[in-house]
Each structure stands twice: as C-alpha cells, then as structure tokens.
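Attaching a single structure in structure tokens format; questions to follow.
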Amino acid sequence: MTLLSLDGVSRVYATRRGLFGRPVAVRAVDHVSLSVEAGRTLGIVGESGCGKSTTGRLALGIETPNEGSVRFDGAAMPAPGTQPWRQMRARMQLVYQDPLGAMDRRLTVADQVGEPLEIHGIGTKQDRQDRVAALLADVGLRPDLGLRHPHELSGGQRQRAVLARALASDPALLVCDEPVSALDVSIQAQVVNMLTDLQQARDIAMLFISHDLKVVRQVSHQVAVMYLGLIVEQGDPEAIFADPLHPYSRALVSAIPVPGPRRRERIVLSGDPPNPADRPTGCAFHPRCPVAIATCTHTAPPLSRMADGRLVACHLADTHQRKAA
Amino acid sequence: MLRFMALRLGRALLTIALVVTFAFVVLRLSGDPAITIMSPEAPPEVLEAFRQAWGLDQPIWLQYFKYFTAILQGELGQSMRDGRPALELVMERIPSTLALTIPALLLKVCLGIPAGIYAALHRNTMTDRVVMTFAVAGFTVPSFVLGLILVLVFAVQLGWLPSGGQESWNAAILPVIAMGLGGAGVLARFTRSAMLEVLGQPYIRTASAKGVPWPAVVRGHALPNAAIPTVTIVGFMIGSLIAGAVVVESVFSWPGVGRLMVVAVANRDLAVVQCVLLLVAMTMVTANFIVDLLYGVLDPRMRGQAAGGGH
Amino acid sequence: MACSTRACAARPQAGGTDMSEVTASAATLPAAASSTAAPPRVRVRIPFGVLAAIAWLGLILAIAVFADLLRPYGITALDLRARLTPPIGFGGTWAHALGTDELGRDVLSRLIESIRISLLIAFGATAIAAVLGTTMGFLAAHFRGWVEQVVLMLIDFQASMPFLILALSVLAFFGNSLVLFVCLMGLHGWERHARIARGLAIAANAQGYAAAVRQLGATPMRIYMRHVLPNIASTLIVSATLSFPEVVLLESGLSFLGLGVQPPMTSLGNMVGYGREYLTRAPWILLAPSVVIVLTTLSVSLLGDWLRDRLDPTLT
C-alpha cells in the first residue's frame, strides 16, 4: 500500500547571482516522482547539493513544492505550520544528521523523548513515563541515561535518543536525513541494524537519505539516485549496485571502497560538481558524462522503465542493457 | 561606496522622520495642539489662525503632512512663557551649551581613550586596576552627584571656584569636569576591552613574532583596529551631548539648552520641548551618519557591504 | 556597563576591575558511559568585590522589603525643634541617626522609604523592558518579513535617540503620574533585549532544537516558551542586570530635576534634589541618598559584569 507519494514535485528557490545580479531560479528539486510503501524503505543517494535533503523536506511537508503534489496516506499534505500539519506530525517524523543540534541542551533526554507524547496528548502522565522507558529500551539505551542531558551522552547514544523521540508518537513514516553520517563507522553499523529491526517490529515506512551507498544498500528495498534535483535511476538496490545503468550511478558504484584487489574499473568523473543555479542544457549530467552523445546536449532524457522494472533517465540505457544482456 | 553612503543617508533621514512622527503623535495624544503650542491664554483668533495654518480641522494625513512641512520651514511654535519663537530661544542658548559640551567631550576623549589603551597594554598591573577602578567610579557616580560633590568641595569648602552661573570663565571648570568624567570612565573601559580584544587576535602575535617592535605593532595594528568600535561610541557620545548637559546645567544653573529643556518640561512649554527634541534628533543623526562614513573609511570590510544595514 | 551602540566589540575578559577568576575544584567527569551518576558540578570561587556587591544588594533589598518596620519615623513627620540636625558623629543624636532636613523630617526614615520606591521603580521598569523587548524580539524572529522590518526600525529609532530627551518629551506632553513614569522608565533598554532575543531566536530557529521541536508538531507558543526562552534566559538576565543600574540613574536624575517622583512620595533622586538647597548648611541631606545611589549602581554593575563573564562573555 502506498503510504507516501510525491508526484512531479519541484522546488525552486529564487536567489540573486552575486549581490546585484539578476534574480536566478535555482531548481533544487526538478519534477521528482516517487512513492514509499508502508513498512518498506526507499533510499535516496546522491552527492551534496543534489536535492535529496530538499526532497525529504518536501516529503514531510516542511516545504511546499512549487509544482506537483505530495500525498500521505491518500490525503494531500497540509500547508506547513497549520494545525492539520502539526497534527500530522504524529504520523511522520524526521531523524536528523546532527543529533546534538536537534536536542535542547537544557532538558533531560527522557523529557525530550516524551515531548511528542505531551504535544499530541497521548496517554496520561504515568503512561508517558512508561512509554518513554519502553522507547529507551527499544533503541538500546539504559533507563538511567534518560536522566542525563544530551551533551552528556556519546554520539551514538544521542542518535538513538533522537530516534526514540521520533518513534514516540508511533509514526507510520520516518524520514532519515543522513542519520549516521556523523557517527563512527562501528557505531554506524549498530544504528543501521537498529533501524532495520525497528522497521520490522513496528512496520514503519522509511525514506532513507544518504550519500553513503554502502549504508543505503543495507537498509533499502528501493533506491533512487539523484543528480542535480532529478532522479536519474531508481530500482532494486541489488540490481543497481550490481549493474548500474546510468553513467552517474556507474561512477558512484565504482567509487565504493571494496576490500581486496579492485575488480572493477574506477570511473572518475571529469569537470566540477554542478551548480544548481547554472544548469546545463539537455541532460543535466552531460558535461561530466564519459559516454555523452550529441543528443544529450539538447534533449533531456525522460525517466523510462527498463525491462527489469528499473527507471533510468539516459538516452543510452537501452543500448547498455542490451550490451550487458 | 556611493550606494553605501546613499543607504546611510536614507537611514538618517528616516530616523529624523520618525522623530518628527513621534512628536506629532505625542502632541496629538496630549490634547488640542493649538492650545498646547500657542498657550491657553492666547486669544481665540490666534488659536483659530494656528488651527488654520496647521490644518487641524482636516483629515489626519493632511495634518501630518502640514506638520511636516511646517517643521521643515522652521515654524515650531512659540514659547508659552515669553511668546518668542521657540526656535529662536533654543538657538540663542546653543553657544552656552557648546561651551560646556565641547570641552567635556575633549576631556572624555583625551582622558578616557589613553587611559583605556594604557590599561590594556599593562593589563593586570596595579596601574590597570587603579585606572579601571576610577573608570568604574566614573560611570557609576551619576553626573549630578558628582557635580554636587565638586561644588561642595571646591566651591563651598575650599572656595576656589564659583558654584554656578556663567559670570567668569572659571565657572565652566566644574561643570565640564562633572560632565566629562563619567564619559571618560565609560570610554576608558570600552577602549580597554576593545584593545584587549584586538591584542588577543592571532595577527598581533604574528606581527610580534615577525620581529616588529612592540610599539610599532601597537601603533600599526592594534590601535587602528581598536579604533573602529571606539569611533562608534564616541559618535554616540557626540550625538547625546545635549542629553548629558541637561542635568549638569541644572546643577550649576548654567543657562544652556539643557536647562531650558528642564524648565520647559516643568512648565509644559511644548513648543520649546518639541524644538529641543528635533535639535537633538538632528545632532544624533548627523553624528551617526558621520560615524557611518568614517566606518566606511576605517574598515575596509564595510565598503564591500553595500546592501542592507547590519543588525 | 552596557552600551547600546551598534558595534560593541565582544569582550573576552572582564571589563572594569579584572576580578573574575574561576577555579574548578577537582571535577572528574566520568570517562565512559558506564558510571550511572551525573557528572559533579564545578566549584566556583566568587571574587571579593562581587561578594561585597551581593551583600550590599541583599541589605538594600531587605531595607526595601521591610521598610515599614525599619522606619523610625514617618516620612512626613515633622520635628520642628530638631531642624537641620547633623548626623551621628558630626554632632547629632541617635534620635535622628542621619540627621534631619529643613522641616525636621528624619533623613534616615526618608532614606529607607526612598530606597524602597527607587528600587520598586527600577525593578518594575527593568521587568517591563525585558518582557517588552523579548516579546518584540520573538515576534520579529518568528514572523520575519515586514513585522521584522518594523521592529528593527523601532529598535534603531530607540537606540539612536538619547533616552533622557525622549523621556523628557513624554513627561512634558503627558504630565507626571507614577504609573506613567514607571511605564516610561520601562521603555528604557527594551531595544537591547529585543536585539538579543531576536538574534538568539533566529539562530535557534534556523537549525537545531527549535526546528526539531517544530517538526514534532509543537505550536509556536510552546517552542518559544518551553525551549527558546529557557535557553536564552541567562543572556537576557545578564542584559537586564546590566541595564538595571541605568534605570536607577535615569530615575534619580529625573527625580533630581523635579520631573520624576513627586512629593509627598520620596525617592533617592528626589532627596538629592531637595538636599541641594542646603548644600552649604546641611550636606548630609543629599550625601546619604547619593552614597546609596552610587553603591547600589556599583554593586549591580559588578554583579552584572561577573554574571556576564560567567554565563555569556559575548555580551556587552
């Protein structure tokens, strides 16, 4: 069952080039369509500035799309800041990249984990205390850690606390925006495992946003690769990682560090990372694409479905697949 | 650079406009402006003519407009006490006030800034502590208390200096000290912390490590950078010269604008009050504007920031 | 001393007499998360000057609160046989420990009552300025857009005009009642609180806990009251402490000029004003309140500086 669907959403910011320049429209997200099934995880990968965080915010309704629509559980997303939007927060939550910044340093962890319960009026005071204790246990925190303040915990513990707070109102959807990027690698694995366990136990849908492909591969049922505000490839994670069709995905996958001798050729992209204020004509990736052809410079490739069910936005995707097959 | 100046000028004019608006609003709220400006004893024809001139029977926007233009033409009403135009009364007192405030300002700057610099350069020594104690005393003792004590000691007990009035030149000494000492204290404290802030910067250490002799480091790097915030506060002091004079002139019965203001307030002589208010606003705004320009000259970072004032 | 200028340099050290030192006693924070106790608090040594300031302020507050009990005489009680008697040590008697004025009124009693009134006005005004300023700052930070521009313009206006002149103008136009006077004093310094509140609220809103709590579905009221305000409270308190002495000086200045507190009520500035006529014959009438004014302003300034250095050194 589709829980969340984004339908051709775009987010355009108006900025100035320099201090006195003409106003320029920056398309952070460009006609993105995706959907998240209940209890399943959609991963979004891409480099910094590709629009994945903005997509996450659009999905939650924190920002309103300039084009397209967002629907949650069949109903349109209310405007941010309104009463219906606030009530909807109980059903969808955001897990942040920086857990220290996301918590109030003056309140104890237990107070903050219990805050969603207070805000949405869930349960009596005694109930809430019990629920907070249960939540802390769920995320693997000892109950006495609830009495501490956020800055008195380690990074991994803090992220668990943020997660506990996000789960307090029993949401149906969790949007995780780079939730493990700030953690040590060993802690990353723990937190990621915890996320997958929680998802199975509570049947939560997840939108997992990261630039780290290894992590996304582990948690996602579906992966979307974004570049410059567009989805360039979307489909089953194993299929994409084993045989990426889009040139950008190929470059990303080839960059994943693997132990042992390198079996695959490392693709290094030429050119500079893109500037969203200065989009190339045609396919957004063509200036850096190792296999670009003439068509790519003037016609943007549509997101088309391949034989194995994947979506790819590349003029050469067909030929590549036929070659590989 | 031109855009920077234009913006600052715009802000200055906006502030003056706000002050005029403030006066207008307060004047309207406090009763019939004709009576309050012209005095209750004025004959009804005069009141009527005034009302005509200021358009008091017309919609409020028109009234505001007429008020504005009247102010711009210097038509500020007449003093209740002697019927003379308020502007004239104020103008003739300005030299007296300047005779006090300018020396006081010089005192503040020439005493306060060097003291602050010296204290910063000799931090935590006995001299520093002494200077700072005096500085703190300088601004916690209100100017009227200081003035009265000075009168008590020097005029009454020792009889060296006159206790008030403007008869001889040495009558100005005590008022100037009373006005200047407090500001010198504030300035000393401020300069000291500005200097300390600058001295703690890495580039000072670098300059010294490069082998530049310390006095040259202070002169070439520390002072110019510490000058920037100090200029701002001196500008503020210039702008509030008249405000500082109000109390001291009353203590010493000095016939300046400050004393005129106090008497006018006590007698509710609103034309004079309004006039002084506008005068202070103009002074303040001009001083701020000059400081802003100086900022642009002193601080190269400001020249790049043309758009939007910085709060 | 607080300064309401545009670009006050941030001060990393204590201004004024450099008296603040913080020594931490052996504070061993737990090495790993295995200990179950919260980390112990660090111990702070309060410098002598600040202790003296706190002691004086405690005394003044006690006097203000228990004024009715402490006053030997009423403030208008006349003792015409004992006019202009000097205080103890200068030829006076214990009957009038600080002497009497020209009408035989006991200076000590009037001083006690003046302390109460002046403190009352100062606290009231500081509270009004803090509440008003914080609210305006929050409104500007929350709504942005034209609301923020209006608030900034008002802040600019208030900061650029010397408050004394504005106060005098209002007093001229509206006359003088105590309520009006306290409200007027309450307008002093609000712009400082507004600037601080706005700056901190914007910083909190941009990222971090305020955005997170908004994301949880909290109403703006809850965000500001439960989260932003407690976090910036220490800065606001320091700012209020630094502007408290200015209110005292302002009120006493205006009362000295006869434009502030009116008789039969008496305030510190009032007493100095009345004592002025008897400067030559009976200087104690104005010296007693003057000493109180100076010591009180000094104490609050010292305390405020120390608090600022401890809590938020970036404040001026």
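Each chain carries a letter (A, B and C) given by its place in the written order, and its residues are counted from 1.
In this text, a residue touches a chain if its C-beta (ideal position, glycine included) is under 8 Å from a C-beta of that chain, and two chains touch if they have at least 3 such contacts.
Because the structure is predicted, anything quoted here is derived from the model rather than measured.
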Middle chain, criterion being Cα centroid separation: C
Centroid-based (C-alpha) most distant chain relative to chain A: B
Chain centre separation in whole Å, for chain C relative to chain A (CA means): 51
Centre-of-Cα separation between chain C and chain B, whole angstrom: 23
Averaged-CA centre spacing for the pair chain B and chain A, given as whole angstrom: 57
Footprint of chain B on chain C - complex, ascending: 1, 3, 5-13, 15-18, 152-153, 155-157, 160-166, 168-175, 195, 245, 249, 252-253, 256-259, 269, 272, 276, 279-280, 283, 286, 290, 293-294, 297-298, 301-302
Interfacial residue positions of chain A with respect to chain C in the complex: 60, 62, 86-90, 93-94, 96, 98, 101-106, 115-116, 119-120, 144-145, 147-148, 152-154, 157, 165, 169
Residue numbers on chain C that touch chain A, as the complex places them: 33, 36, 38-39, 207-209, 211-213, 215-219, 222, 227, 230-231
Residue ranges of chain B touching chain C (in the complex, touch as defined): 11, 14-15, 18-19, 22-23, 26-27, 29-30, 36, 123-124, 128-129, 132-133, 135-137, 139-145, 148-149, 151-152, 156, 186, 189-190, 192-194, 196-197, 200, 226, 228-229, 232-233, 235-236, 239-240, 242-243, 246-247, 250-251, 261-262, 264-266, 268-270, 273-274, 276-277, 280-281, 284-285, 288, 310-311
